[in-house]
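What follows is chain A paired twice: with chain B in the first complex and chain C in the second.
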Partner chain A sequence: MEFAFTEEQVMIFDTADAFLSEVSTAPAIRESMQTDLGYDPQVWDRLCQEMYWQAILIPETHEGLGLGFVELVGILERMGMRLFNAPFADTAAVITALLKWGGEKQQAEYFARLMAGESATVAVIDRARQWSADAVTATATPTDSGYELSGTYRFVSHGHSADMVLVAARAPGSEGSQGVGLFLVDTNAEGLSRKRTPTMDQTRPLAELTLDKVNVAATASLGCPGNSGEALTQLLDVLSVFVSADQLGGSQASLDMTVDYLQERVQFGRTIASFQAVKHKCADMMLKVEASRSIVYYAACAIDEWVQGRYDAAQLAEAASMSKAYCSDAFFFVSGCGIQLFGGVGITEEYDIQLYFKRAKATETFLGAGAEHRERIAHMLLAGEC
Partner chain B sequence: MKLTFSAEDEQFRQEVANWLANNLCGDFEPIRFRGGPGDEHSFVAERKAWEKKLAEGGWTAIGWPKEYGGRGCSIEQQVIFNEEYARAGGPGRMGHIGETLVGPTLIAYGTGEQKEKYLPGIRAGKDLWCQGYSEPSAGSDLANVKTKAQFDEASKQWLLNGQKVWTSLAHESQFCFVVARTDPASTGQKGLGFFLVDMDQPGVTIRPIPQLTGTAEFNEVFFDDAVCSAGDIVGAPGDGWRVAMALLGFERGVSTLGQQMLFQSELDDIVKIAKENGAANDPSIRQRLADAHIGLRIMRYNSMRMMSGGEDGSLQKEAMIYKLYWASWHRNLGKLAMDVLGPESELLTDAPYELNRLQSLFLFTRADTIYGGTNQIQRNLIAERALGMPREPRGTV
Partner chain C sequence: MKVLVAVKRVVDYNVKVRAKADGSDVDLNNVKMAINPFCEIAVEEAVRLKEAGVATEVVAVSVGPKACQEQLRTALALGADRAVQVEVDGMVEPLVVAKLLKGVVEKESPQLVILGKQSIDGDNNQTGQMLGALTNMAQGTFASEVKVDGDSVTVTREIDGGLQTVKLALPAIVTTDLRLNEPRYASLPNIMKAKKKPLDVFTAADLGVAVSTHVTQVKVEPPAERQAGVKVEDVATLVDKLKNEAKVIA
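Showing the complex of A and B:
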């Protein structure tokens, strides 16, 4: 049993720490979140050219590194620690979809573009409260040469800037998880319009995309057209794990910065870190951070197992919902406690803890909050599926 | 990072499972799933016999080096043994204190004579041990031990006087390891000794402590000029605290996954009842069932992290949260069990005070967050040792 990182993985993470501590500083994040793009394009270029992180999941046969999800999730965790704001997780989700369901030609074409530094994202729902195949409203109407896609998507992470978007759309007249397909669309396609939607958490830009009779070739369809509801569910599960890794990093950073502050702040002639009421709150925060870490690492392994066909969809679903439920609540708890323990300065714009608190709420509702994922686990548990 | 055991370890698992299937049956059938926490008073004679059966099969002290009669099993194999043991319904071990605490301590710190005298009896499943740490005035503040050990020059042996409390299985044990003050002028962690005391002597009195469950797992133990031979002190006089703390570090979490198998069977019971009585239709119950399931899985991966970590004995963060985590989870499970049962939770199996498994779980888990370091002490330790926050001031009273 080796539920610990290999030396190679530790090296990758050390390098990631060094790079992110240089480029993803609080001033840099605050500056880039005010821009239209929402992140620093030069940092993205360095991420692709120097760090080669876009290549992590891409197989060596496509010039990638062919590494696994533990490596990826470890980097996502570190990005979360530093509020990193670029479409890395979204792009990785699309790469995962191509790995699992892409045909040879699709992989060759899209992996080459992604290796060259293009970004990608995922668009699923419009007005629904839940991310699921059932909630897909956009339509994919078969044409002579492919499909005509129409519909509106909201909550599209980095949707205003991504070079390509993997959209879910259903056959006209279909319902539920039936009839759903996944399509890769260039965001410069005719009929596609998009705008950034202002968000409470400014470190994770969201956009609204409208597809008005966008024509795509038959080769844009990933997996079985009209029968990809399950694939969509699995893709959302993978992305949920990615988000929970970000939440883990955010929780850890919230705890660290809070404890640092408590060790400095003096009241009643002693550091406030010396008060037991404060210490116990921090202990509860650390418990949730470490518990998050245990489930996130498991979920990363679960994705590896699933990609390699050793885990089925139910096992992936369980891992993803456990991870997303726990980490969503943990991050909100830890960053919320952080604000409380910072005291008055915690609610100022100047201190960074508020940025983490906002990111906690944003990542909690994105892809389903804790209660939704627990209900999914309850359903599986009571049906004897986990 | 891997989730699986090696093929060799899986073969070991099969060996364990086969042995248990062939031996935990017949006369031992009634003790399956019995004698765990809150049920330690049950089937004592049968469980003592079972310890000997385990020893005959070579399944006691499996983590000890072979030269001391152990199997020299790796951490992984010990984990596997505990998992299979729990899966098969292996009864609460009576020899676990000797096997997991006393044995490794003597192997590390004991004299040749002590090893020869005590290890074989533990290994054979014959000698049971109990722990003499806590006292009425040394609860969370364990170093506040008042029991005195005085060396009697005339008889060339130690004389112990004082009282221990919360001593599990004291009335069933041949021996007790006792922390007592060798320097009467000392306070706190200094001036203590670590003694190996024979329980079968006139100077030792045992009195059970009835609990809220109506049972009595714990005892008070009184020492009135209890004798301990000169050769039965581990380490030097004054060195007892170091030995006592080292003992607590030996277990290394190998039994945690086995403990979790027990938790899983409790949760399975609760889920089953929830489906039968309709509680599973209640959205708030559903949330809590899912939360319990998630919490238990996290416990598992947390343990796997603990056991995959460095062997230098230093406690990592995942190990530092473990007690607070499992105790709180288990206490919550006890309450969930009652809430799933609803009004039925009040009705006893029989008079005068026959609790069913889940009622016992509910009541006994209130102890989980107290013994072995209360939740409050655990939070102090986490804040101070893992987060580097200032230590609690020590009082002068």
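Showing the complex of A and C:
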């Protein structure tokens, strides 16, 4: 693993900073989160056609750039800093699934569509709060031409607007992680309905999808049909790292805007940043942010190693759970401290720190909170898997 | 037509610079560096000329330490075809930069040289004009519009109180003003291509230029801190203060 950024990576991140500082300002985010789509489609077009960010993971043989997960995570961190709200991480997760488990024809078809600017997302669970293959309730019944999919999915990020969705569904009568398959479904398929659900964090729209006897071809299945429980777990691990990167960016932005405020606000004849107790709090916040950065970029390297077959599923799971556990707690702590240091007014609509606080809480529970991921690592330690 | 475009490594415009404690210079430790914004506009204009089929090759050139190769790579990522670095350490004043650029002009024989009108660190606004004098090429400074037509280039200049349009015989020198264009972002494919594009390095001796100093920087100090405002009781007091203290109205 290489731990220093290359010249190209630095240039990519600098360009991402510049682009996002133009298109993902606080007023722009506030405006777009009120729209039905939940993001600005023109910005998404620019992201795809001008910046080519959706091509990062797509191999050069499919007209992509064939870059790695460090580059992707670096951009996701910067998106988190600016509360970017387009379906970039979800689309990247589907691209990862295609890279790992897609056949040649599937890769050719779907990579071309995604390169052209279509978006994708992942749908896994219904009411269960457990993000795992065990919790899959939708069914995939084999038919003469493929599969018939039925079931309801909640907490689908950008599910109301994505062009395609990667769904998890199980063979009728199967239990646990057995019988689970992954299927790529066009969201305009007959029998698929969807609606946006109200969320506290409006910067990350969620949707509920219902599949009522949706017929898909056998070629829509990724990996081994009925035997993709482990693949789903790995995909959720990858997505967890993507969310961690977003949380890292949010933590950094929360710290930065809090320190700026503290250096401006005067009380008792001096800026409140000069008080020792306030400095201690900021030091604690910075510690969390820097530790988050270390684990997120380690996890990104771990995904690279896993994709190339040098890391097994357990090593990926360890890195992903460490990343999600730490970053979830850190983002909530840092943005929460920010609210306190703003003197309480930070939670009011006029201030942006409240948007980060809400995003921290929403991303904390999405894909499993810190406690759940720590418990998973504990199980792995006891089983001698890490 | 070959276009030579000069880029300078400066402190990023978003950075709030600080003077060193001893006041000898600006503190550059751990400070983000970037292409001078006016130079970025110059690169953009050159790349647009190439995309329009007017220019056949865009060569980016920078004078400075090895670190300025970062900015040359950025220029390559923005669309320049190749780059030239003239390696010089330490502070280089505009006259020396102009002499070094003259050396590069003689090697490359460009039809058009585009520079930023000034850099945001030194704010000298001298290099383009000095290069014009040294090379005896026509110059159009503070350009807000550039049109190449055959053997000439028409430059609309931003001057006090309006615009002036001049026609220059090629080869010529153009310095860019803020409104000439809006620079693009380097796309991912171009960033990846940039590392494969050629970058030649020359020394001042290669170009036959002696690096000398005519100006000594005596002191650097930050601007005076803004004083707190005052509340006035009524409009009459405000008018009185504007008239007699600030003296901004008669």
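We take it that the second predicted complex is superposed on the first by the 383 of 386 C-alpha atoms of A that agree within 3 Å, B and C clash if a C-alpha of one lies under 4 Å from a C-alpha of the other, contacts with A are read in each partner's own complex, and residues count from 1 in each chain.
The definition used in the following text is that contacts are C-beta pairs under 8 Å (C-beta built on N, C-alpha and C of every residue); 3 or more make two chains touch, one makes a residue touch a chain.
Bear in mind the structure is a predicted one, so any value in this text is a computation, not a measurement.
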item	value
Which superposed partner A:Leu99 touches (first chain B, second chain C, both, neither)	neither
Comparing the two partners chain B and chain C, which touches a greater set of residues in chain A	B
Partner chain(s) touched by A:Ala325 [first = chain B, second = chain C, both, neither]	first
Partner chain(s) touched by A:Ala189 [first = chain B, second = chain C, both, neither]	neither
Touching partner for A:Glu50 - first (chain B), second (chain C), both, neither	second
Touching partner for A:Met115 - first (chain B), second (chain C), both, neither	neither
Which of chain B and chain C A:His280 touches, first, second, both or neither	first
Contacts of A:Gln263 with chain B and chain C, given as first, second, both or neither	first
Contacts of A:Ala4 with chain B and chain C, given as first, second, both or neither	first
Residue ranges of chain B in contact with chain A within the complex	1-5, 9, 76, 79, 271, 274-275, 280, 283, 286-287, 289-291, 293-294, 297-298, 301-302, 304-305, 307-309, 317-318, 321, 324-325, 376, 378-380, 382-384, 386-390, 392
Contact footprint of chain B on chain A as seen in their complex	1-6, 9, 70, 255, 259, 262-263, 270-271, 273-274, 276, 278-280, 282-284, 286-287, 290-291, 293-295, 297-298, 300-302, 305, 322, 325-326, 371, 374-378, 381-382, 386
In the complex with chain C, residue positions of chain A that touch it	7-8, 10-12, 14-15, 18-19, 50-53, 55-56, 65, 67
Complex interface listing, chain C residues touching chain A	34, 70, 73-74, 77, 184-189, 191-192, 194-195
